[in-house]
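Look for chain A in each of the two complexes below; its partner is chain B in the first and chain C in the second.
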Partner chain A sequence: MFVAKDLAPLVPELFVAVSAMVLLLYGVFAKGNPTRTVVWASVLVLVVALVLVWQVPAGRQAVLSGMFVTDSFTAVMKSLVLIGSAVSLVLSVGFIRQEEMERFEFPVLLLLATVGMMMMVSANDLISLYVGLELQSLALYVVAAFRRDSERSTEAGLKYFVLGALSSGMLLYGASLIYGFAGSTNFTDLAKLFAGGHGHVSVGLVVGIVFLAAGLAFKVSAVPFHMWTPDVYEGAPTAVTAFFASAPKVAAMALFVRAIISPFGALVAEWQQIIILLAGASMLLGAFAAIWQKNIKRLMAYSSIGHVGFALVGLAAGTSEGVRGVVVYMAVYLAMTLGTFACILAMRQKNGLVEGIDDLAGLARTQPGMAFALAVFMFSLAGVPPLAGFFGKFYVFMAAINAKLYVLSVIGVLSSVVGAFYYLRIVKIMYFDAPGEPFLHPMPRELGVVAAVASLFTLLFVVFPMPILNGAAMAAKALFP
Partner chain B sequence: MIVQAIAFYLFAAVTVGSAFLVITAKNPVHSVLFLILAFFNAAALFVLMGAEFIAMILVIVYVGAVAVLFLFVVMMLDINFVELRQGFQQYLPFGLLIGAILLVELILILAGSIAAPDALAPAASPAPSLDQVTNTHALGAVLYTKYIYLFQGAGLVLLVAMIGAIVLTHRKREGVKKQDSFAQFARRREEAVELKKVEPGQGIQ
Partner chain C sequence: MTIFHLIVFLPLLGAIVAGLFGRAIGDRAAMAATCVPMVIAAVLSWVGFYLIVHGGPVLVPLFTWIDSGSFEVSWALKVDQLTAVMLVVVNTVSAVVHVYSIGYMAEDPHKPRFFAYLSLFTFAMLMLVTSDNFVQLYFGWEGVGLCSYLLIGFWYERPSANAAAIKAFVVNRVGDFGFALGIMGIFLVFGSVSFDTVFQAAPTQVGKTIHFLGYDFDVLTTLCLLLFLGAMGKSAQLGLHTWLPDAMEGPTPVSALIHAATMVTAGVFMVARCSPLFEYAPTALAVVGVVGASTAIFAATVGLVQNDIKRVIAYSTCSQLGYMFFAAGMSAYPAAIFHLFTHAFFKALLFLGAGSVIHAMHHEQDMRNMGGLAKHIKITYVLMWIGSLALAGLPFFSGYFSKDMILEAAFGAHSTVGGYAFVLGMLAAVLTAFYSWRLLFMTFHGPRHEAHGHDAHGHDAHHEPHESPQVMLIPLYVLALGALFAGVVFAPMMIGEHMHEFWGKSILILENHTAMEAAHHVPLWVKLLPIGAGLLGIFVAFQMYIRKPGSGAALAKVNPGLYQFLLHKWYFDELYDLIFVRPAKWLGYKLWKEGDGRVIDGMGPDNIALRVAQLAKRAAGLQSGYLFHYAFAMLAGVAILVTYYFTTMMGH
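Showing the complex of A and B:
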């Protein structure tokens, strides 16, 4: 039985879901093309939801027979997700108009995907985890194939769909094994069961955890479950790629952290090796495979694989400090990625959007502002000191070293050195190569604002790191009662 | 008891046999018909287990909707099944080998481990025992109370699936005549009917 009090923690989700349905109805019945209105209304909805997230009753609340949980971890992660979704929507405004994707279902689907992500972040049960994940994934499959007349877009959608279904199958198989060997799907019950130590751990349960981790690794695109990422990122419309690289990554990482730490926190020894392998392999592949890329969207795909690896280093530590590192990393990653994609979306020549890295040649002479912003993001993605990206890496590696994961830390530092090569190559092409065909001047206003805010965040993080660090520490504490 | 055992083996054998025929039948329409047979027998197995609700759902959803949809697709689309099957024999040994290895591994792992004794306590069924209520009633009692969150979440997933199907397939086509009932009602007599006076022997010009 539930009462109205039980619904208080759900208010942000309910608000976004109901707004999505209202906007859908409005879009169906409105005269003319309502897309512009619906997009900006959706951005407003996400901003209001961001406020509502901080209005839910404080402290840990597990409601609806323990399937839905809110605490400071969910508040922080949901804020990142909502910011990511809202900014991606803003970035898509000009793109969907110019690329003939202007249909009001697009923002509605992004809103519903955001509901799914919020459900993922708040999941406290293997079943609610799965329902949230499917809600998000299904909406993402559709938006990946949104330009159905483009062969690459439909290929991206289909590939994502088939591999996503496969990964959901693995995840469900793992969940069923865990249920079979532990007797519950609820994270709180599972945590109670394992609190006593290793007495209750059977081989079947460990196999279940492995399958669960494999399914989740698919969703965050960690090596060796990354194959879909470059093709989907390259094929999907660029505004959709910007969305894929931001909010869903944060939500999937939050889900990964909660689904591993919350029920199985006491069993670090059982799952640590899996995460170490995922993290190490992702960092190495992200560093080496990106070197030969010529398409900037594909490069960002490999870069995101590498960054997932760095974030997983924090999870591999299995400590509160490590989780704090993951949250800081995801916040910084979100800003850098959104800023980079704002610049990529501004790469428009006379004949339409271009995606080649060589097209950036001599950008510093034609558009110094955009070149500077992109250079800031590239230095930050590479992890060059005073910028935000460095601090993201710093906190996860500090946690890893305190947890005695020396080899993993060394791999991480080495692969970030290798990764710096291709990030800095972009800076070199922009600043030292002869200019090619210039991009259409000026940068659309909304893209310029996003790039400017993101680069300010990246530059000034060193001066004002405390809000993010405190928020992350508060979030991490919620997972380790 | 003996009747039940005979019924079980009959239904189980027909299920497995028809499932095998689904993948071996040459004609895709036959495959779908065997699939329907397999569904019906699986439903009978559920009835034997006392799960009459799932049995009925299986018949209604899978036979009534899914299998008919399959039949529809198979007949509507011109798929060359002979071409799809090419290479089947070539891949068969390899596929069987991988399947067998995976099966053996899983059996070894799962047979060798047992659930912790006190792990089963949280799994105790929340529903009352079957001799007190029918299982339709028991499911209904928890579906909209304990599991309302998941029920609504699944509803949202279906909404997204519906929007997605419309977005990806619906397109505005030129030159399609549509009935507009408001325009029809709004028409007045003067716009639609014209009275002509016909002179004898001249006709209408």
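Showing the complex of A and C:
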């Protein structure tokens, strides 16, 4: 039976969900256009939720019949998700006004997606996993197609929806196979079942894991389940793309890690090969396919595929050290991505937003500050020391080496060399090419602040790495009791 | 803090101020910031000289530099009599050149840089002469090489200056490579690079051998020859001399300071400093003597036919350095250092005098375009006479004492090498006097030769030769004093009866090496012959250029082969070009185009980049935009993963 104290771990989710409803009602009944108010209120809600996440009782708490857990892993990952969502909302303020998308449903949908993500992070059961995932996805399908009058936007939304449905099908199929062969959907029970590695692992179970992994791989856009990413990133409104690239990626990666490690941690030998394949293919495709891209959003899509590959290297290691690497990687990735999209959203000329990489030509002369920030992000995404991106890669590769995954590490390093090409090309275009039509400046204040904070984080990570490293280590420990 | 700290570090201070802040503080302040410390250092050097001569050597430790295992190097200022002499030479000439440059470089837009380099050079040279170990010596050695490079190429807009700077640097690398090997060898053999330790242990190594590549080499001979290779490069001895004439591309004050008085004599100083090693390596000493004597005659012959006023003096320097080396080769180190001492004054005087001529002629250096300048620039004329008389070794001028001593020591050595050196040295003395007066007569006497391309109108009014300003003449007076009196005043101390008391332990001469003693007891004709040689050279020059002008050209016409041979400096440059430069260029070009370009780039970076680009096109092409393609890819992906799992897990 429910008692009030059982609800304590659920407070952040409940708060966000209820707030979303309230804001929705407010939006419906408010006079004039309430969007601005709703956006900033939503940001506030997310900030409050971030505080609440750290107020839930410490230690591992399992409620709702063990379907929902909180521990330090969920706290850390939820924080990243909430930060990602809040910053994405801030980035969208100017965009939705100028692109005539200023409708109050937009922030509400983002809030609902965030609730779904928080559920995903805390899921301790295949059922609650699926519920959280679908709550998130349904909101995302809608925001991808939020500009109904734009052909590209609707196409993106539709593609995402159809393929998302397919992936959900796979995931459910995998879940039913696992239930059929193991007899439980609860992560804790499954973990007990396989503990110590004794007992026969049936083929059906492993096929179930493969299908489950395929469904999750779709959400993190790992190769070969990545095909939607470039089209959706390019087609969706840029502010939506920024959101897609940040919070949902973090949430999906957290879910992936938990759904693999928590129930099947003892079966490393069975699933490790699958993750290695996903990681290797993602890194290579992310590096190669981006080279000829002319659209910076599309380029960022391939970039995110590559980065997911790098993060999966940490998961492939299957160790606490590896999970710590994943968490560090996602934190760093979040900062770099949000910063980069802040710059992309500032690429506005007289006739509206532009997305071509060539439009950045000579930016160093017209807007040195923005060019510098973008150059920092590009160097960091390429993994050049001493920027944050280097350390993200460093920790996952160190875990992989310690887990004796030498081939995967070599592939990773080589593809990061290839990937450096297109990141550095952007720097070259900004700093050495003759300027074209300049962007409107100064860049909007909220974008400038986000870009500045993100570039400071990227630059100074080397000086103050301990908060992130300690948090990540704490989070990783929760998954390996 | 002692006086020696000031002597060594004042120039560095000037260099730092002028070099780093020259633009900020302006030309005048930069010149003051270098010249004032330099003059103070020069005056203090004479005080230091007095202190050392009367108080004995001192060692001023500064700090530990390298301390790695058994390898320990400290910075220290070792000031003994030998160093004290060098300090006087270096700082006096340097101060004089600094002051002179204020006038000479008046129109140059980069004065702070010039003065910073000059002062930096002086500091490096002081590090060299005050070092108490081989590594510090090497530091100074390379420091002066660097500054020489910078100053030769000071007018970097001129391609010829850049080429000359690079040539000087590269040729010196050859010598320095030997020098570095020598130092490493010394550490290998003695386990130390400190002068005192090494010199004390030197006698124990006599007769020992090193086994290398299947041969046995005598330890001390090998080490001394390697060290001497460095000296040959720095002091432009035969074989590694080719950079010195080209170095005249630098401003004339630089030629006077670096390429006449100080840096080029570093080799002589080093041999004298290492006398405790060389004394136990008679073969090496013989090599030093032969190379020195050969250089003396070689450079003198080439000097006969040069037409560039500075190049004549440059070859003269090369020749005089040869004298110093063969003196060292006879174990007559005091004579070598004494000649270094006097030569610094009169050769710097000649160079700065030539600079004054060039200044008067508005940067004309070809003597064929001069003539009749005596009446226009009387003071310079007189000063050049003094310098030339000293160089030719006419009695009572400073060169007389030192050069006679060297020739007498060569005679007194009573050895084959000594005889060789004596004969060649005497011949070179005739040639020296000849080319010196050829220079004087071509420049100052006879009719005025107009430079090509000028028309007579307006020319006289504008280009009339003019005497240099006082700021350039006063330094010349100082040097003239040295050229006149350095010999007569210091000869008794440095090479006379009291030389053993004077030099103390700074120079070692073994009991059985008696050239220096024997020099005092040679027959009268040996003492008189150098004077005769000088007079003969002057007489011939007088005949050829005053009595019968044009006979020189006629002589060249009669012997075209010989003339061309000398004019082309014995074809050394051409020979090196053929043997070293072109094959090296060819090899480098091949390695670049074939090895690096075709093989490494072709197989490596270029090829990989091409493949990456192709792969990237394909990878991007996968993205068709069709939904069913995407769905198919996902299903195929799952199928591949499951199949892969089954195939890999079969083995279990």
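The rule is short, and it goes like this: the second predicted complex is superposed on the first by the 478 of 481 C-alpha atoms of A that agree within 3 Å, B and C clash if a C-alpha of one lies under 4 Å from a C-alpha of the other, contacts with A are read in each partner's own complex, and residues count from 1 in each chain.
The rule we apply is simple: a residue touches a chain if its C-beta (ideal position, glycine included) is under 8 Å from a C-beta of that chain, and two chains touch if they have at least 3 such contacts.
Remember, it's a predicted structure, so these values are computed and weren't measured experimentally.
Engineer: With the two complexes superposed on chain A, say which partner A:Pro385 touches: chain B (first), chain C (second), both, or neither.
Structural biologist: After superposition on chain A, A:Pro385 lies in contact with neither partner.
Engineer: Does the superposition put A:Leu135 against chain B (first), chain C (second), both, or neither?
Structural biologist: first
Engineer: So, A:Gly356: does it touch chain B (first), chain C (second), both, or neither?
Structural biologist: neither
Engineer: A:Val418 contacts which: chain B (first), chain C (second), both, neither?
Structural biologist: A:Val418 contacts chain C only, not chain B.
Engineer: Look at the residues of chain A and decide whether chain B or chain C touches more of them.
Structural biologist: Counting residues of chain A touched by each partner, the higher count goes to B.
Engineer: First (chain B), second (chain C), both or neither: which does A:Val207 touch?
Structural biologist: In the superposition, A:Val207 touches chain B and chain C alike.
Engineer: On the A-aligned overlay, A:Val115 touches which partner chain: chain B = first, chain C = second, or both, or neither?
Structural biologist: first
Engineer: In the overlaid three-chain picture, which partner chain does A:Gly169 touch, first (chain B) or second (chain C), both, or neither?
Structural biologist: Touch partners of A:Gly169: none, neither chain B nor chain C.
Engineer: Does the superposition put A:Pro467 against chain B (first), chain C (second), both, or neither?
Structural biologist: It touches nothing on chain B or chain C.
Engineer: For A:Leu193, select first, second, both or neither according to whether it touches chain B, chain C, the two together, or no partner.
Structural biologist: After superposition on chain A, A:Leu193 lies in contact with chain B alone.
Engineer: Using the superposition on A, tell me which residues of chain A are in contact with chain B and, in the other complex, with chain C.
Structural biologist: In chain A, positions 203, 207 sit in both the chain B and chain C interfaces.
Engineer: Touching residues of chain A toward chain B in the complex: what are they?
Structural biologist: Listed in rising order, the residues of chain A that touch chain B are 1-2, 17, 21, 24, 64-65, 67-68, 103, 105, 108-109, 112-113, 115-116, 119, 127-128, 131-132, 134-135, 138-139, 141-142, 145-146, 148, 179-184, 186, 189, 193, 199-200, 202-205, 207.
Engineer: Could you please specify the touching residues of chain A with respect to chain C in the complex?
Structural biologist: Listed in rising order, the residues of chain A that touch chain C are 159, 162-163, 166-167, 170, 203, 206-207, 210-211, 213-214, 217-218, 223-225, 227-228, 230-231, 270, 273-274, 277, 285, 288-293, 418, 421.
Engineer: Under the touch definition given earlier, write down the residues of chain C that touch chain A in their complex.
Structural biologist: Contacts found on chain C: 612-613, 615-617, 619-620, 622-623, 625, 627, 629-631, 633-634, 636-638, 640-642, 644-646, 648-649.
Engineer: Write out the stretch or stretches of chain B touching chain A in their complex.
Structural biologist: Counting only chain B, the residues touching chain A are 106, 109-110, 112-116, 118-123, 145-150, 153-154, 156-157, 159-161, 163-164, 166-168.
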